[in-house]
Amino acid sequence: MRLLPALSSALLALMLASLTVGAAQVDLRAVFRDPQAMLVLLESRLPRTLAVALTGAALSVAGVLIQALVRNRFVGPDTSGTAEGAALGLLAITILWPSSPLWLRMIAASLSAMVTTALFLAVIRRLPVREVMLVPIAGLVLSGVLGSVVTFVGWQTDLMQYVGTWLMSGEFSGVISGRYELLWIAALAAGLAWFSADRFAILGLGDQVATGLGLSTAAVMRLGLAVVSMVTAMVVTTVGMIPFVGLVVPNLVARVMGDNLRASLPVVGLAGAVLVLACDLLGRLVIRPYEIPAGVILGVLGAVLFLVLLHRRPAHG
Amino acid sequence: MIQIDQVSHQIGGTPILHDISTTLPKGRLTALIGPNGAGKSTLLRLIGRLEPLQAGRITVAGHDVATTPTDRLARVMAILGQQTAIASRLRLSELVAFGRWPHHKGRPGPADRARVTQALEAFALAPLAHRFLDEVSGGQAQRAHIAMAFAQDTDWLLLDEPLNNLDMAHARALMSRLRALVDHAGRSVAMVVHEINYAAAWADHVIAMKDGRVIAEGPAAEVLTEALLSDLYDAPIRVGQHLGRPLVLHHV
Amino acid sequence: MDSRALDPGIAARRPEAAAGPAPDRRPALILGGMALLLALLAAVWMLQGLGPGNRGFILGLRATKLAALVTVAVAVGVSTILFQTVAANRVLTPSIMGFDALYVLLQTVLVITLGGAGLVGLPPGAKFLAEIAVMSALAATLFGTLLLRGARDVPRMILTGVILGVLFRSVSGFLGRIMDPNEFAVVQSVSFASFNRVDATLLPLAMAVTALAVALAWRMSARLDVLALGRDPAVSLGLAHRGVTLAVLALVAVLVSVSTALVGPVAFFGLIVAGLAHGLMRTAAHAVLLPAAGLSAAILLVGGQWLFERQLGQAATLSVVVEFAGGLFFLYLLLKGRIR
């Protein structure tokens, strides 16, 4: 359990760094004397820092859940049709009711994400061979097919711009106070999962074990589905999908801590926050004063980590 | 003759074969026996250049397998590995016809067609010739693969557990067919056999392997003794006699 | 081989059956029919609604687009069959395994390095040929290693290829951002396929390269038939497996470069085409499969573009529809257990 304090301090350090890095110079020691600096800090830096950390934490926890639902380590909310589902829901409500209130949009996105994720679960249950590697392949292709539907609808209705920000950016530079608060809901949903951590851990052991222990798998599946879909929908709407976080972080943590989710879920959340925040910071520093979206950096880093995970022998089990 | 000199092999850092030197005599039916993981298949695959040689030297009828062009080797020996799943959708006749490829390189003549017909008949596949591989049973597909190696018409035939998927009648028929090839057509056969009594009943020469080493070799009657087999399989094994050949009583 | 087998009466009952398939006119008839259909489509494409004025200009425009569509179709169809053969797997396409992403990455890297060295003025033709050469070498090395090493665990090999594709795309995006943070439209424009927007400057060269690659592939037909049996049987039959594998991958790389340069990445189109070619011809002979794949791809693409552009007025959407249908087809194959 030395991970928890180490990750906490890393997160704290990164958050402090995140508060100081940006186009405008902000001296943290002087903010109480400088109203301009205070404004930048409260309206832009702090919201951004929180948004990044919340996104990373929520997506990583969602990754643990989806991996428990499909009993496969090589999937994440970005490779199971969830993000595309959320985008479809958003498109639908935007077309049907352009002036709909925000909360309704969120419900539409979450419900639609739930439907497509359930579709993914249905597809992999019908895979004839119990081959570990086929599940992620099916997920990637299903995401691609759903993505092409989203693109098609987006083109037809001149909404491609939105589709781009939902599915292809993963960018935090637009985050200001008042435009990221939905992510708190995502984090809250992910936090709820912790109370059912044991159930998800048992679910990951398989239907037979779960039933043997008297667990209603259907109810746990529904809960997991709801959390994953809500988290993804919130992230897609506010900052756009971030690739690989939900896939890689749970794997890395499980390597060290195993799959006792009650103990590991907080660590997963922290590690996810650290990873995304580090990438966001990197993106702000590499080509200053311009920015590279965190999603782009994670696309590269995440793919490399995934390949490493794929070709290392399992550490245990 | 197949000459094996100081061959060692490892897969992913794990040693599979340790410094093996032996010979497989020409004009004989040689059986490779031994417990699981002894390295029999690896040795056969090395002879058949399905795996690249790491250390040592192997010659087949005087051809060094490491340096002889592979298409030349294909006219000297035919090897059938254990994995026979094929992605293409082929008819049995088409699969067997590939056995002639080393000879015609894509332009089959009448002689090639005759050979294919002969191979299909020899393995009782003529009535199935137009069926697709995925439409016949595992044993029938296995026979088609053996027929393909047979159609290759080489002096040496190397078979890795060819009796897999074959029922008793077809297994016996195959052994009898191989015996006839050796006795009447002057061919040489080397095979990995799991069921030791097929070696006892049909093989001339037996090579017994354990833990990547050859622990005994020689005429079947000399190798298949109670002491040696008990040692080979780490279990007490009795050997009886049947029609003048050893009969291994390992199942009781 | 048992007593029945040794009884000549039974074995000889169908003597011709064993001699391999009798000379079958079916493939030739189908190929002829497909060629005819393509010619018909091409005629409609060229001549439909041709008014009296400005004929030369319109015909030239249409001919260019027709040539581009056919070139891309042939490149995609043939490269997919070749790749499925070399991978001994019927559900893969070069795009699924990241070939086109590698080409896009290569383009991005070349723009950066050449731009840095002041070589922007290189003629597009020369640049294209250089890209194809580098791409062939790179793809043969990379995917050769992947295929030759990964044969034992096919799903892992596929997943590795898919993720490599994602990695290449991400690195291209990353480099695009660094190159020009304000405008990454360059990278964006090559990350979607569009049959509507064809780079005409490269067309003559692309057609020549495609023709050459297809001719080479066709000459290898007999060896491809053996290669499709899988590694062990191919080696046993004396095929220089490694060399042929690398050569075929290089050809695939050339063809993917052509199609990607002309219209952008098309991930699943090849899957439909290859499935169609296999289903129609019902043979594993590449001498027949390769032309069948090229022809059916051309028919689908020219016919599809005609339908969407001229009839439905939706020029841009064909690629999306094709990808959607192709992706569903892939999932269908997956669910049928056809992936091995």
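Labels for the chains are A, B and C, by order of writing; each one numbers its residues from 1.
In this text, a contact is a pair of C-beta atoms (placed from the backbone, for glycine too) under 8 Å apart; a residue touches a chain by one contact, two chains touch by 3 or more.
Just so we're on the same page, UniProt names per chain: A = ABC transporter permease; B = ATP-binding cassette domain-containing protein.
These numbers were taken from a predicted model, which means no experiment stands behind them.
Among the pairs B-C and A-C, the greater number of C-beta contacts is found at B-C. Taking the mean of C-alpha positions as each chain's centre, the chain lying farthest from the centre of chain C is B.
Averaging C-alpha coordinates per chain places the centre of chain A 55 Å away from that of chain B. With each centre defined as the average position of its C-alpha atoms, the distance from chain B to chain C rounds to 39 Å. Averaged C-alpha coordinates put the centre of chain A at 35 Å from the centre of chain C.
Listed for chain A are no residues, as none touches two or more other chains.
Within the complex formed with chain C, the chain B residues making contact are 48-50, 69-75, 78-81, 83, 85-91, 93-95, 97-99, 101-102, 105-108, 113-114, 116-117, 120-127, 129-130, 143, 145, 148-149, 152, 169-170, 172-174, 176-177.
By the touch rule above, chain A contacts chain C in their complex via residues 74, 123, 126-129, 131-134, 136-138, 140-142, 144-145, 148-149, 151-152, 155-156, 243, 286-287, 290-293, 296-297, 299-300, 302-304, 306-307, 310-311.
Taken together, the chain C residues at the contact with chain A in this complex read 153, 155-156, 158-160, 162-164, 166-167, 169-171, 173-174, 177-178, 181-182, 192, 267-268, 316-317, 320-321, 323-324, 327-328, 330-331, 334-337, 339.
Interface of chain C with chain B (complex): residues 1-5, 8, 10-15, 17-21, 84, 88-90, 221-223, 225-226, 228-233, 235-241, 278, 282-284, 340.
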